[in-house]
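Presented sequentially are two complexes of chain A, the first with chain B as partner and the second with chain C.
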Partner chain A sequence: MNTNTLAPPARVETRAGGAGQRPRRRFLTLKRRDRIAGYLFITPQLAGIVAFVLIPLVLVVYYSFQKWNVLSGSIEPAGLDNYQKLLSDPQMPSVLGATAIFSVGLVLFNIPLALLLAVLLNRSGRGIAFFRTVFFSPVVIAIVAWTIVWQFLLQDNGGVNGFLKLFGIAGPNWLESGPTAMAAVIVVQVFKNVGLNMVLFLSGLQGVPAEIQEAARVDGASAQTVFARITLPLISPTILLTVIITIVGSLQVFAQIAVLTKGGPGISTTVLVYYLFQQAFQFHNFGYGSTLAILLFVIVLILTVIQWQLRKRWVFYES
Partner chain B sequence: MKADRTRKRWMRALLYVVLSIIAIPFLFPTWWMITSSFKTVNQIFAFPPSLIPLTPSMDAYVKAFTFQPFAQQYFNSMYIAVVVTVVTMLVSSLAGYAFARIKFPGQNILFLVVLIGLLIPSEVTIVPLFQVFNSLGLINTHWPLILVTSFGAPSVLATFIMRQFFIALPGELEEAGRLDGLGRPGIWWRVAMPLAKSALAAVAIFTFLNAWNLYLEPTVYLSTPGLFTLPEALTHYVDPYSGPMWNVQLAAATMTAVPVLIVFVIAQRQFVEGLAQTGLKG
Partner chain C sequence: MRTARKLAGVAAIAVAALALSACSGSSPTPAKTTAAPNSVSLRMTTWTANPDQLALFNKIADAYKQTHPEIKSITFDSLPYDDYTSTLTTQIAGGSAPDLAWVLDTDATDFVQSGVLSPLTDSLKATKGYDYGDIGSSAAKLWTKDKQLYAYPFSTSPFVVFANDALLKKAGEPTSAELQAQGKWDLKDIADVASQVNAKTGQGGLIVNNFNYDDWTLLSTIWNAWGAAPWSADGSKCTFTSSKMNDAFDFINKAVFDQNAMPGPGTNLNFFSGGSAFVITQISSANLLPAGGFAWNMLPLPGRTADSTNHVIGQAGVGVLAKGKNAQEAQDFLAYFTNPSNAKKLAQYFPPPRTSLVNAETLAATNPVLSKKQLNDVVIPSLKNAVTRPGHVNQTQVASEVKTALTPMWKPNADVSSILKNVCSSVQSSLAG
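Entry: the complex of A and B
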């Protein structure tokens, strides 16, 4: 430890540009010790990434060219079989369609609602703070708990139809037909997480300089015009990024599907991740499951690259 | 002037009416979950539905604990989330500090390698991880949940946030620590960490919630009810003859969700700031 007490002056002197009265070797020791500390500090995280991300990533590529023999528990090379299966899988169009409908539906419902909430709540007041809490609260509720409550509410004789019945409307059996089941999954997901996007939009709105808006008002622009011509363009980078983050998140939807519909009725709500789960962990088709994982990875990668490009282009607004 | 003020007041009232209507699907499920958990099965499906249980019953709560080892499952969730949160805070603050404040060869490349974790959805690597843990004999243990969540992809966002925080730290404070005779570990622990409370709080909140809410991973790794965490346990309240046991399931869901909600209401600002970080991911 005594080297520790000697070290600091050396550092200060070099910072100040002073010529070393101290032997050069000690200065190097400090630098070297710093390096060692740096490597040691990042070791747990780096080891975790290598073991739990990079190696599995290599393995998933390898597995996608293998076939599992469930009975003998062995794996054997399968060449391009899994990829050919991907292209000829009769379920695939439906799975990709459900994935796309879910993502698009989620964005179309989530983003405008989040924006509306942010605009309505972009002011001060105790009541406003209360409503912010209310709209954010589902974010902290466990997704499975939230989904179970909605499953209960969406039963044929559940709360939603009970509510509609008060107005004399006979509601459908939501989870038993394809289109309403998909709509239900989307709606449940939107109410769960729209609060997060609302917060992002709120901070975006607060970044819009008030002087610009006031100047426009003084020039006689209506509130709507100010919003459409000034506020909206200025927060458009936030909107675009939020859209992409929402799409990437929507590709990972699992718990809602597993609890609410189990991919059904039929396979109408079987999205890519759920299909992957079924193939790998219910049918023990680990090879094909890995191929589906690679498809998911490629889609997410493309979206991420688009996001980076947009970020570069919009960097002026982001600052 | 007066007309203007009246108009403003009306606009405000209108705003609150609109907000209250929109709030229904956000608040009602939680309300319905809590109230229904105090009802009997017959009361649950009564029409017209009663907004509050007129004769509250604790039966569902008792049954939640007798039908499954719910106390054990609660403990599992609790201890896994706490361990994962503490370990993630250590792992991410160490790595974040090193990437931000220490110069060492290759640090930019290594940081990019770590950031790959942000890019890969955990669903992509679940098959190989299952196979690896299976060959190590760790399936149906809590090890995969704890290790992957603390050190793997889910911890990378934490490291990124800690790095962003430490980059903004004034260098003079470290120099002062050095003059006091502290080495790097000492500077990290005694100087940098006490200043990083806000960033650490954000990391703690989203890490805890993520671990508490994990569903795909426990479904894949665990098969014994005594080992389940809460989300998976909630889906197992099914009577083989008469289908879901709604009031029991909702009682268990209430016990899962309400403690977190209470903490959220108390520490709202930290929650919103912490979770907004997860929205910025990518």
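Entry: the complex of A and C
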């Protein structure tokens, strides 16, 4: 009782007679406590991003202005030398060309195939779960193991040509000529990851309201029209997501190239990431390798921004 | 704005960390060890994972620890052979360099010239009972700069030819010994026989082991028969365009595509499982021969003619990383690891560089499947008069550029001369450094 009666006058006194005295506030207000809790929750993630993304990113920028030979241990300022070398590097047109062919080939092959599989498997019935599992299973297989198996299959006397021989077809020496080697790398990558995009499309397709499709059918729309005019627009956010994931992933392809072709024959399958690896880790030019990493970063950034802007034109849901 | 300040802070910390790490790596090689007892952990990178070999290394290390109280541990870190050098350089770049490292012969020039390895001569000479002069000068040549040895060439293994006599007989061709007796142990006659084996049995003829149209340095086992070399002795001038090299590649191209004497690109055959009549490889591969398997023989690398010689060796060295924090202790251990007594033990697995050990008795222990006659007739002459595989101070870059420029060579009727000219124009700037 005493406490209740004494407390209010004290506050009043503080406010009223307050010349020279500030009101006392608790440091750990509810708002601050919430904020600290929030920071504590994100600290582990933030620490990881700082240690493994931001600091390396800053260091890569720094290294790109250095001439660093790992073996000799010499690191000295190089100014814009690495960037000038990038512009005059005679290998760059071939490297960027191979990168573009791989990315375009992957998107053109992967996205339609994944969508086709998703449409075919977007139904209930016996065996559907089995087929979904079959097409998704390569996604969880180790990439190097997957690629080594394909390396055996794609040899001149390997399984693929053995299969073609059954039909009287003499298959090419897949990994030993530029165009077929690139095609082989694309196909190996498509079969590895098509299951992931298929699952994304499946989830998109299952989110399409059945009543809208039904209404279109009642209005006399054919199956193709329903798919083109109703289904595709409604899954356009999923299409955007898969295209972005596939393009970014295609620009980072490494293991398949390293195992299957080592960038050859010649440099026909030397994509940007593999070239970066060669320069930094095989030729010991970490400075120039860092410059190539900056180039890759800029390319990924530009492509992502372009797609993000284009979504306003063709993604149905976006505001 | 606050975000910009935070990023600037992160950048400053990162740059400071880099500067500190760069400074910390430049300490001079320490003097004789003053390390406290049980305070030094040494690590040696290798590309062998052979349990018997690792057991021997550990046994030598355990004996060393008995008399060196400063040593807490010595570990042998097996890295995959295919990525060995890039893994090692990544460790060096990441500040986690080993104290000692095996080095491939093709990387020797690069490693020796770059300064990444400590000079060893003074330390080894100062070690009581080491007998430094026993290390053959030809074996040490690749690993020496300014009269200082930078890596001990613990494995000096000559390239030879293994022949599958059973397959030769099956094809109705003379066995390898018969070929030699007939004065036909030369590249041309071997290619003719290999072609016949392929035509009659469908099996491979002549394989250059591990070449796989990738590691072109292994073709030195063939072009050396012509006396060709890829670049000048000082490494500054491309010599792929020499007439000798033209003749050598003309032979190789015809052997692959006209005669089918050598398997073409993309065809993987294994001699040791009976897949071909001949294989060019190092004698250390003898342990891959199947026990109780096909009848085989070992002969010297064939020359261009039956009476000419062709000696090529593959080497591996072990050196001390100059910037390792235990460089002195690592040098001391290396001196013990390769002293005469331990060199003899290592010779069980690796053909030694010490001249006192280059004899049939010691080498018989190295390769128990080889007879003393084979060792005397084939191996010992190869060890004493051989060239090494080509190496350059820019080895990885040069090797990559040559491999790329040689790509058109691996087609029928290749224009050998213009391809080799293109090799030189592609690689000349990298050779000049």
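Note that in this section the second predicted complex is superposed on the first by the 258 of 319 C-alpha atoms of A that agree within 3 Å, B and C clash if a C-alpha of one lies under 4 Å from a C-alpha of the other, contacts with A are read in each partner's own complex, and residues count from 1 in each chain.
As a convention for this text, a residue touches a chain if its C-beta (ideal position, glycine included) is under 8 Å from a C-beta of that chain, and two chains touch if they have at least 3 such contacts.
Worth saying up front: this structure is predicted, and the values here are computed from it rather than measured.
Once chain A is used to superpose the two complexes, chain B occupies space that clashes with chain C. Of the two partner chains placed by the overlay, neither chain B nor chain C lies in contact with A:Glu76. In the superposed model, A:Glu214 lies in contact with neither chain B nor chain C.
The larger set of touched chain A residues comes from B, when the choice is between chain B and chain C. Once the two complexes are overlaid on the shared chain, A:Gly264 sits against chain C while remaining clear of chain B. Of the two partner chains, chain B is the only one touched by A:Leu296; chain C is not. After overlaying the two complexes on the shared chain, residue contacts for A:Gln278 are found with chain C alone; chain B is out of touch. Residue overlap on chain A between its contacts with chain B in one complex and with chain C in the other: 54-55, 59, 157, 281, 286. On chain A, the positions that touch chain C within their shared complex are 50, 54-55, 58-59, 62, 69-73, 75, 155-157, 173-176, 262, 264-267, 278, 281-284, 286. Note for the complex: chain C touches chain A at residues 7, 10-11, 13-15, 17-18, 22, 25-26, 85-86, 89-90, 92-93, 110-111, 114-116, 213-214, 264-268, 323, 394, 396-397, 400, 403-404, 407-408, 410. Residues of chain B touching chain A in their complex: 15-16, 18-19, 22-23, 25-30, 32-33, 36, 45, 47-49, 90-92, 94-95, 97-99, 102-105, 107, 110, 113-114, 116-117, 119-132, 147-148, 150-153, 155-156, 159, 175, 178-185, 188, 209, 212-213, 215-216, 219-220, 230-232, 234-235, 246, 249-250, 253-254, 256-257, 260-261, 264-265, 268, 271-272, 275-276, 278-282.
Residue ranges of chain A in contact with chain B, taken from their complex: 1, 4-5, 7-8, 11-12, 15, 33-35, 37-39, 41-42, 44-49, 51-57, 59-60, 63, 117, 120-121, 127, 131-146, 148-150, 152-153, 157, 159, 162-163, 165-166, 187, 191, 195-197, 199-200, 203, 241-242, 244-245, 248, 251-252, 254-255, 258-259, 273, 276-277, 280-281, 286, 289-290, 293-294, 296-297, 300-301, 304, 307.
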